[in-house]
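Below: a set of structures, written as structure tokens.
Presented sequentially are two complexes of chain A, the first with chain B as partner and the second with chain C.
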Partner chain A sequence: MSAAKNINITLKIWRQKNAKAKGQIETYKLDNVSTASSFLEMLDQLNEQLINSKKEPVAFDHDCREGICGMCSLYINGRAHGPDTGTTTCQLHMRKFNDGDTIYIEPWRSKAFPVVKDLVVDRSAFDRIQQAGGFVSVNTSGRTIDANATPVPKHDADRAFEAAACIGCGACVATCKNGSAMLFVGAKVSQYALLPQGKVEATQRVLNMVRQMDEEGFGNCTNTGACEVECPKGISLENIARMNREYLKASII
Partner chain B sequence: MALTGLFLCLFLAGHLAGNLQLIFSDASAFNKYALFMTSNPAVKLLSYLTYISILFHAVDGFLLTYQNVKARPIGYAKNNPSKNSSFSSRNMAVLGTLILVFIVTHMVNFWAVMHFDEKMPLQTISVNQMGAKIDYYITTDTGKFFPTDSLQLNQMGIEIRNRTEFYNKEANVIMGEGYKDLHKITVAFFKDAKTGLIATIAYVLAMFVLAFHLLHGFQSAFQSLGLNNPKYTPAIKGFGKAFAIIVPLLFAAIPVYIHFFLK
Partner chain C sequence: MKLDSKIPEGSISEKWTNHKNHLKLVAPNNRPKIDVIVVGTGLAGASAAASLGEMGYNVKAFCFQDSPRRAHSIAAQGGINAAKNYQNDGDSTYRLFYDTIKGGDYRAREANVHRLAEVSANIIDQCVAQGVPFARDYGGMLDNRSFGGTQVQRTFYAAGQTGQQLLLGAYSALSRQIGVGNVEMFNRHEMLDLVKVDGKARGIIARNLVTGELERHSAHAVIIASGGYGNVYFLSTNAMGSNVTAGWKVHKRGALFANPCFVQIHPTCIPVHGVNQSKLTLMSESLRNSGRIWVPKKKEDAEAIRAGKLKPTQLKEEDRDYFLERRYPAFGNLVPRDVASRAAKERCDEGHGIEANDTNEGVYLDFSTEIQTKGRQAAYSQGNHNPSAEEVTKLGKKWLEEKYGNLFAMYEKITDENPYETPMKIYPAVHYTMGGVWVDYNLQSTIPGCFVAGEANFSDHGANRLGASALMQGLADGYFVLPYTVSNYLADEIRTGKISTDSPEFAEAENSVKEAIDKFLSNNGTKSVDHFHKRLGLIMWNKVGMARNEKGLKEAIEEIAALKEEFYKDVYVPGSSDELNPELEKALRVADFIDLGQLMAMDALQRKESCGGHFREEYQDSEGETLRDDENFAFVGAWEYMGYDISKEVLNKEELKYEFIKIAARNYK
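And then the complex of A and B:
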């Protein structure tokens, strides 16, 4: 790895006071950014600069900063989670950028993800979709069955696990030209549909989750495949096809 | 969307097979096919299904696109979609609308003429009689010929009614039925001294648009129907690509052949 150096960059960031305000792109110059720092550390550096000059810091979402919580978002230079594939914004490093670069940073854009402030959006639409069916009902009367007592074929277990890797970050919605949430919902439907425990409620689950998804104002999938490319967890389009299959089955029966 | 789209792909294959007779067989085979297509009840049913499919597909497509545009009220200041999706997949609505414009013009040029034009010519054949070439109408009831000379036809007591029917005026009975000469109309259309070249170019461009629509559309329909499987999807994608290139190419070859090579 080449040694870290310092670069000077120009940032074009979406600033919006609150959910009702109009918002606009603002330009900031930031000097001496170490290429060893992460993208979010660079934003921390910007915010210190803003605070020192008595300006409002940029609000952005983050939590784990290790690619597992799905909180960080950011549409960076026209790509969800920035130029890397298979990574979240918190896993993006400044070594991906050059001295003199201009970097656009915008919030996820979707009718269902309204901007709360600056780069922070409200993703509770995903929670409501989950609540509509993203669970298995378990009897907790004290006679629960040990999960390992139900055999699951290795192939199915692997597919279910891959689907369950979705961290609910919303990059799929942000990057889709239709603002469709089908990759997220496809993953959530699949992780249960593949397992014997999930089969019991499969019909209602897919119908309810898809209904909720439509009610939230997400667009329709036209199979452009952008979500699969930008998803930090490599969720496959096969999950959307599986959901379509489940949905067709559930609608016919 | 997927069902109508795939049905339209089947329609394209059938339509192409018919059209290729313009190149590979003679006028009467093509006109026979044209008559079959406008009279056979099973084909009629299929053609109505096709009209309905096009209508549903277009309306469905517009609704889908409208909802999808509404799902992102504020767009990105900087967006880089070519990094994650194909041109075709992002422009299906525009490509589809252009195809719709083509379908309407195409139907005005050929379908409407075949169905409604009072001046639609009937197919004739030239026969050498004592050194002179004489034209006769040929009919669907093989073996019967009627002179194209209207005076002669009148002398025989025969008149043409309903565009194709040869009637014995006195007895008021039908003597035979001519073929509408769609072959002649088509050749004249693409060979026209003034507009033939433009028509040929426009047709070829429309086939490019169709190719791009199918390049995304064919495989997309399978995904929409939930048919995605590591074993078969590569084959579906491969076949779709080949279909999207070969079918429009063959369609486009017909007017090009007529305009530039047909004597």
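And then the complex of A and C:
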């Protein structure tokens, strides 16, 4: 481990009062940032500095700070979740930056994710896609069959888990030149399509989720694969292919 | 106040079944006329909202995050317990019940815990039916592992992301109900007060966090499932937004707050790196299945390691002290969390800590033994009976990656060290709170119509929660308990009709919230909210943390009361009330944390015994183990709010009776 040191940086941050206001990039100097700090701890430090000089702090989304809740976002130096791969913004650490660096921080940019304030965007479109069909229609009585009554091949269970590892952060959409949500939707469709429990209503599910996705204003997939590169959870493009197959199958039946 | 726990009569294994059979029901045609509010969308809240929506009630669910899927249950790593006995290693409902009571150091209610153990198996069935992708073996059957405080394998898991998968399962059930209109979802909304009409919970005041608008929402019952209060320590493994506000507002409106001093300090977290640290990260307890915890035997070795002159991998086997295996041979590295945490603290206090930070606090979690064992097994199963050392190591690492890959990756991102090559550095951190709003067997607080579920209540874990039991409790409460007990309450509400929000009670509650907000925004102080939160956290960690004593607790009470005065006088909150204002949100939460912190210290002071996570230095045996006082302290301590001055709160006691388990000293040796 390289020992932690302090660096001085310049930040260029998107500031926007609210959804209707026009935004602009503002410049801030921040000194003595420990390289052991996380990126969001660096923003905390900036906000403390702003508050202490009676200026308004920068609004950004975050919660668990361990890379699983999917609440943090941020376009950092032109990349979703910053320069590291397989990493959410909250897991990015300042040791990836150097003394004297200028860092650009913007919100997710997508028609379907309107800016709420500064770096905060509205991703409720994802919730609505899930509500359209991202579930198995089983009541919560607990009176189902025994959990081991239907064996699931380990390979399928593992693939389903990998798809289900999606944290719904929206990096795929933000990074896609078309603003497509197909990696997100493909992952959810795949999780259920791979499991026997999800197969019963597979046809309706994929049709409903894709319909909602289109209604929300997300773009189409042109197979550039940027989403897979920037996905902090390494969700595979195969999930889009699987969704396309499921969709085709559902459309023919 | 007389506390009636409403524990049903009968033998322990019949109580819940009999109780359910006699609870009142609400007919399907009446359910859409009844409104229910659910605050919080973690495992307990999401499962409750989904289940009640599915039954046909008119449900309104609230979360402060931008989506219900982000609630902090999502960060639970290791697993969920269930008495399935799929591994054929002697597990049963009784064993899970017994382990949980014992693990909680005999400070939980028998009847509640037995119910939890009974419904545990249904949770797994339910989740599998919902498409939760649990880990499976090559036969397609569900896999299990062990957690602390047990001698069976009853923990179901999905890599190190079990909480995520379970929450997404509950979220999918919730989404289904939102989609059909049975549940109305309010994202980015925070409950800031409970409204009582004629003594009953009748609604809440919620702030729309985007527009700042204060909203009145009425209902026939209110369910609080807002999680735990670990963030009172500032640094914890909780999410940044996790808070006690919903629970505390209910407390201020008359609900008792039980056992606030019962806090779980989790043994395996990544140590603190510096002053700007915002939170701590857990390394799952499941790692203790494979990792061995040690510190150098000699202090000079520990010093050399801290100075960077010696690497842990260079230290010979005989120079390492595997202190958990040494002190607790029967359970070894899998002793309960409170025991493991105290043992780590004891070693570090003695000067054997290995972390090169201000406190030198840290111990190793070492996977090298497991790499060899599993590597050899893997080689053997591939038909290679004479594997080379490199082959064994390679296969062993591969095995580890499959089991714990995401945890190892998470560790490396934070520390910049590779745990496959060098042992993890870990230290205890605040993780879970066993205390919470007092509830009876029906999960109803002392306010009629106000129910509390999951970590927000106090009910099932006594003085220490066993690993992989929080997920179990959250889903048990939401899926399998509240639908019955809330319906029983609502059966008397079918003639009530819609509850108006134009009443003086709603106006009074809204005004009090508005006043609190206006006071902060016009305060014009000089220090940030975080400044006060960090100071509170330091008092709590140093004096109401892993080891407590009378002197420190008395000091903490004074210091927190003084901090409260200073906070209201000198806090600076920028921005306005009619916009997204995270600083204002924090100020409102920290105000409640300060009150709660003082109450925690008071509760720890009155409890003159050591039990579970509550360790009073005055009460320990010659080997440093907890000394319980069953004669005087076998009770739930439930506090009653008496106004602004927290020191005036009144303690009520619910006696704990052990009818089915013989109360005994906890022994993991």
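As a convention for this text, the second predicted complex is superposed on the first by the 248 of 253 C-alpha atoms of A that agree within 3 Å, B and C clash if a C-alpha of one lies under 4 Å from a C-alpha of the other, contacts with A are read in each partner's own complex, and residues count from 1 in each chain.
The rule we apply is simple: contacts are C-beta pairs under 8 Å (C-beta built on N, C-alpha and C of every residue); 3 or more make two chains touch, one makes a residue touch a chain.
Predicted, not measured: the structure shown is a model, and the values here were computed from it.
Within the superposed three-chain model, A:Arg205 lies out of touch with both chain B and chain C [touch as defined at top].
Judged by the touch definition given at the top, the superposed model places A:Gly225 against chain B, while chain C stays out of reach. In the superposed pair of complexes, A:Lys54 makes contact with chain C only, with no contact to chain B.
Once the two structures are overlaid, the count of chain A residues touched is higher for C than for its counterpart among chain B and chain C.
Using the contact criterion defined above for the overlaid structures, shared-chain residue A:Ala241 touches chain B, although it does not reach chain C. With both structures placed on the common chain, the touch criterion links A:His81 to neither chain B nor chain C.
In the superposed model, A:Asn148 lies in contact with chain C only, and not with chain B. Touch criterion met: A:Gly67 reaches chain C, while chain B stays clear of it.
The interface of chain A with chain B does not overlap its interface with chain C at any residue. Every residue of chain A that touches chain C in the complex is listed here, in rising order: 1-2, 4, 17-18, 34, 36-38, 40-42, 44-45, 48, 51-52, 54-57, 59, 61-71, 84, 86-87, 91, 93, 95, 116-117, 120, 122-124, 126-127, 130-148, 150-154, 157-158, 160-161, 164-165, 167-168, 191-192, 195, 197-198. Looking at the complex, you find that chain C touches chain A at residues 47, 50-51, 54, 65-72, 74-75, 84, 86, 119, 122-142, 158-159, 161, 163-165, 168, 171-173, 175-176, 178-179, 185, 187, 210, 237, 239-241, 273-274, 276-279, 281-282, 409-410, 413-417, 479-480, 483, 528, 530, 572, 574-575, 579-580, 582-583. Partner chain A is touched in their complex by these residues of chain B: 64, 67-68, 70-81, 83-86, 89-90, 92, 216, 219-220, 223-230. Across the complex, chain B is touched by residues 12, 14, 25, 75, 77-79, 104, 106, 109-112, 175, 177-180, 217-226, 229-230, 237-238, 240-248 of chain A.
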